[in-house]
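Here subunit A shows up in two complexes: once beside subunit B, once beside subunit C.
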Partner chain A sequence: MIGKWIGKRMVMGLIVLFIVSFLSFFIMQVAPGDPAIAFYGGNAQTLTAAEIERITRAYALDRPVAEQYVAWLGETVKGNLGISYKEGRPVFEIIMERLPNTVLLFSVTMFCIVIGSLWLGTVAGMRANSIWDRGLSTISIATSSIPPFWLGILFIYVFAVSLGILPSSGSGDVGGNGGMVDKIRHLIMPASVMIVTHVGIYARFLQESIKRENGQYYVKVARANGVLERSIRNGIVRNASIPYLNYIAMTIPSFFGGSIIVESLFAWSGIGQLTVKAVVTKDFPLLMGSIMVTGVLVVITLFIVDLIMYAIDPKLRKGGIR
Partner chain B sequence: MIEVRDLSIHIQGKHITHHMDFTIPRGNITSLIGESGSGKSLTVSALLGMLPDDAKVSGSIMYEDRNVLDASDQEMENVRKQDIFTIFQDASNSFNPSVKMGRQLYAFSGERVGDSLQVFNEKMHVILDKLGLGWEVVEQYPFQLSGGMLQRCMIACAFYVEPALLIADEPTSALDMVLQKEFIQLLIRLNEEKGTTIFLITHDLDIVAEAAHEMIVMQQGRIVETGKVETIFSHPQHAYTKRLLESRF
Partner chain C sequence: MKLRKALLFWYSLLGLIVLLTVFSTILAPYSPNDMNMDEIYSAPSSDHWLGTDHLGRDVFSRLLEGGKVTLVVASGSVILSLFIGVVYGGISGYFGGVIDTVMMRLLEALITIPALIIILVFQVIIQGGMWSMALLIGLTGWLVTARIVRSEFIRLKEEEFVKMANMLGTPVWNILWSHLLRNSIPAIFVVTLFNFAAAIFMEVSLSFLGIGIPPAIPSWGNMLYYAQNDILIGAWWIGLFPGIMIFLTILAINFIGEAWKNPERRRVND
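== the complex of A and B ==
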């Protein structure tokens, strides 16, 4: 049963990745600018027509787009993401250097957001009409309305420029000898921006879900029959977390979108910043590689969320109707 | 056991019940009968101290020399836990759909009376057998059981808890005729074997005739007649009661 379910999810994940690659590849082709010129970088104006043609032919840029896509897909499946136009190194190698930073930023922020929103949402949701309930409703709207880049600039001004206690950018000491403490110091601001702008809205969603669940028939029956409040609360939170997890799953892609902005703002050396650089320099192989790795991260995260849902929702396991 | 005096309930300015007076004698099965929307379920909520926040209530509900309407939430929680068991109408929604029945049966019975899981397993095994439910129900989720089985699970908990008062709010309305009859027999058994006082809310006169000793007839939020079942059936006084009895097949 679980094997079949996992197999189905994996196939769906592969289909998503295929669609992402297809759309990204074709959208890039209609973007303005010649990739052959972009390949040459800063000295593009010195290129002769013959050189442009040579580059175009060498990289098969004169072939139909569909043919280029099939060739790219064939190589990607074999694990070859190509060579970066800009750096002249394998894309896979560049991405692998950046991936740990993105995974670190994502894991830390997501962990704090989930823990924070679970706590806030449960406290506010279980105490309808209390100050917690009303307070979270207001604060969540305020925090989720703050643009992350604006909050980031404010943080840089306060903590880096005025107080001088945190580094304004980068993901580690220039010399690279700062160790874990240095990494954490660089992580605090980008992670805080992501947490502050997201925790409220996730908590609010859980709060509403808990309030809805609190009014369910089975809760009334349990309260009427002296079931321990602890057992009732655990049951409510468990059921309310199913739509909450669904909400997390739905917002994961846009969460990665937000992290691209934050990575760029704080020059956090991750996949997001790499993607922005690849767009600016029209480094197509690198851009495709970054998009695909981000896609894989999204698919893996969604798979983990699905696994958690599978564990807590017996109707999914037993094939019942919800 | 319970004396209700001059009980009126208003919700958002609307009168739900008007100056109700009735008694639930200890050891008997007392039935409250009335049409849908006559205020029966809200009367049950008032007895349990679980009226909605926007409800305004006057009068008194005396339970063991205490006025339920003056009791704090904590006091009422204790009374419900110690003395009362309530079976509601919609059995299929009475249990948490994500928790196995074994865990929930324990929460409704063993945990409530302070028994260990081991004691619960032994006692509940016997009760489930008696009620024609196999022990395997404890490994199942509520959505895997029928409405009738879930209602029997509820009554199994009542047998376990042996409450001083069992309130059954239209417990058979979602069951077919055969299951209805079985369920009523179980209520009678609980009353006869354990001496449990039962307050049975229904709109079905056949059930009243079969199970109850006393009956209270309610119409549009008012009590129109109370008394022994045989007396009311043989000499109904109020026009509504007469109409009810005439409409019986």
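== the complex of A and C ==
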């Protein structure tokens, strides 16, 4: 059963990656100048006629667009993402340098958001009409209405300009003088901006879901039979976490979008900042590469969420498809 | 009773913001693009209520004018995404079967790609002004609307009055228009409200990154773009006020949308 289910999710992921690759290929097509030269960016002038000929053949540039796409996709899958205009280095190399930072920022924020929202959502959801319940309903709407980058600007003003206790930008270097501490100091502001603006709305979703479960017949029966409150709560949270996980899966794309902006604001040298830099400097190969990588990241993350859901939800194991 | 009062407050706040921006040309004490090099970075005072920016332009005037730009872009894009969403979701929901499956698979795939990425790609190619911005946000913002319209259509299609109309030979367009679409309006309204908030978010985010509205036109996002540097020299007023306006606008929309989501809260007589 699991094989079939995983297969289905993987096909979905592949479709997504195909669309992303069309988008990326589209950039190459509309980029000014000869695609072969465009792809080799700043080094294009130094190319000899023979090399241009070789590139043209490798990317099937003298063939119809469909064949060009296939040739380009083949090269991309092999990891050849072209050469950056501005830096003159292979795009793949640049992206690999940046990737750990993005993964670090994403996993730290996501971990804190999940832990925080599980706690807040459970507390608020289990005590209907308490101050927690009503407070979270209102505060979550308020925090999710704050533009993250604006909160970031305020944070920079307070913590970096006025108090001077945190660095305003950069991503620190584990190998540098500061070591790991420096990295963490740089991480605090971007991560807390993402956490503050997201944790409430996720908690609220769980809270509503728990409140719905709490009113169900099976919970009443369990209570009437004197089942321990603790195990009732565990059961409710488990059942309520399925729509909650679904919600996380649905919002992950926009979460990645949000981190692009936060990364740029704090000059956190991750994929998001790279993407924006590529757009501003019109570095087409770099832009194509970072878009592909973002697509892959989203697909992998969604796949992990799917696996967790599969582990929690018995209906999926019995062969249901959400 | 308490809830209704709160809702009234959010309605008035949103109304006030819209009015302020619509009449920005009359209300603004200075022209939004008037530079005054003698008064750069002056803090809020009685001359300049909200201070001036790095070119000596009045922040309050730019705030009103910028609000107009931001809200116009958001409205334009929402109208477009509403139209695409209703057509796409309507076709998918009404016809069902293979068409529905294919259309929904495509939609699921599209929803997975961060909208910001798609807009960045097209922005690097067209680099247009306000309207191309609205077009791009609209073209990427219809997915949730389509999903809602589809599920409403599927639900309504099974209702007795629709089956009855079918049996009586009511023309298809008439069923679509006056039975399916008209009964979906409350749900569509709610999702459109949230879309509007999302469109504002998108515009300010892009302009903030410096790749949205051209710098010559003031918008809330553009103002924050310059505020990034201004804040480092301590000019907090340039960044604070546009952010508060964005926050209040989105907050009001979100609270109104939440209220509309729960039908019992919006009824007048109970």
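Basically, the second predicted complex is superposed on the first by the 269 of 322 C-alpha atoms of A that agree within 3 Å, B and C clash if a C-alpha of one lies under 4 Å from a C-alpha of the other, contacts with A are read in each partner's own complex, and residues count from 1 in each chain.
Basically, a contact is a pair of C-beta atoms (placed from the backbone, for glycine too) under 8 Å apart; a residue touches a chain by one contact, two chains touch by 3 or more.
Small disclaimer: the values here were computed from a predicted structure and weren't measured.
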Combined model on subunit A: subunit C and subunit B, fit or clash: fit
Partner chain in contact with A:G116 - subunit B first, subunit C second, else both or neither: neither
Touching partner for A:G235 - first (subunit B), second (subunit C), both, neither: first
More subunit A residues in contact [subunit B versus subunit C]: C
Touched partner set for A:P90, first subunit B, second subunit C, both or neither: neither
Touched partner set for A:P314, first subunit B, second subunit C, both or neither: first
First (subunit B), second (subunit C), both or neither touched by A:A224: first
Which of subunit B and subunit C A:P243 touches, first, second, both or neither: neither
Touching partner for A:S264 - first (subunit B), second (subunit C), both, neither: second
Contacts of A:S254 with subunit B and subunit C, given as first, second, both or neither: second
Closest approach of subunit C to subunit B (Cα atoms, Å): 13
Subunit A residues contacted in one complex by subunit B, in the other by subunit C: none
In the complex, subunit A residues that touch subunit C: 12, 15-16, 19-20, 23, 26-27, 30, 141-142, 144-147, 149-150, 153-154, 156-157, 160-161, 168, 250, 253-254, 256-257, 260-261, 264-265, 275-276, 279-280, 282, 284, 287, 291, 294-295, 298-299, 302
Subunit B residues within the subunit A interface of the complex: 48, 50, 77, 80-82, 84-86, 88, 90, 93-100, 107-108, 111-112, 141, 143-144, 157
Parts of subunit A lying in touch with subunit B, wherever the complex brings them together: 216-218, 220-228, 231, 235, 238-239, 242, 312-315, 318, 320-322
Contacting residues of subunit C [partner subunit A, same complex]: 105, 108-118, 120-121, 123-125, 197, 201, 204-205, 208-211, 224, 227-228, 231-232, 234, 236, 239-240, 242-243, 246-247, 250-251, 254-255, 258
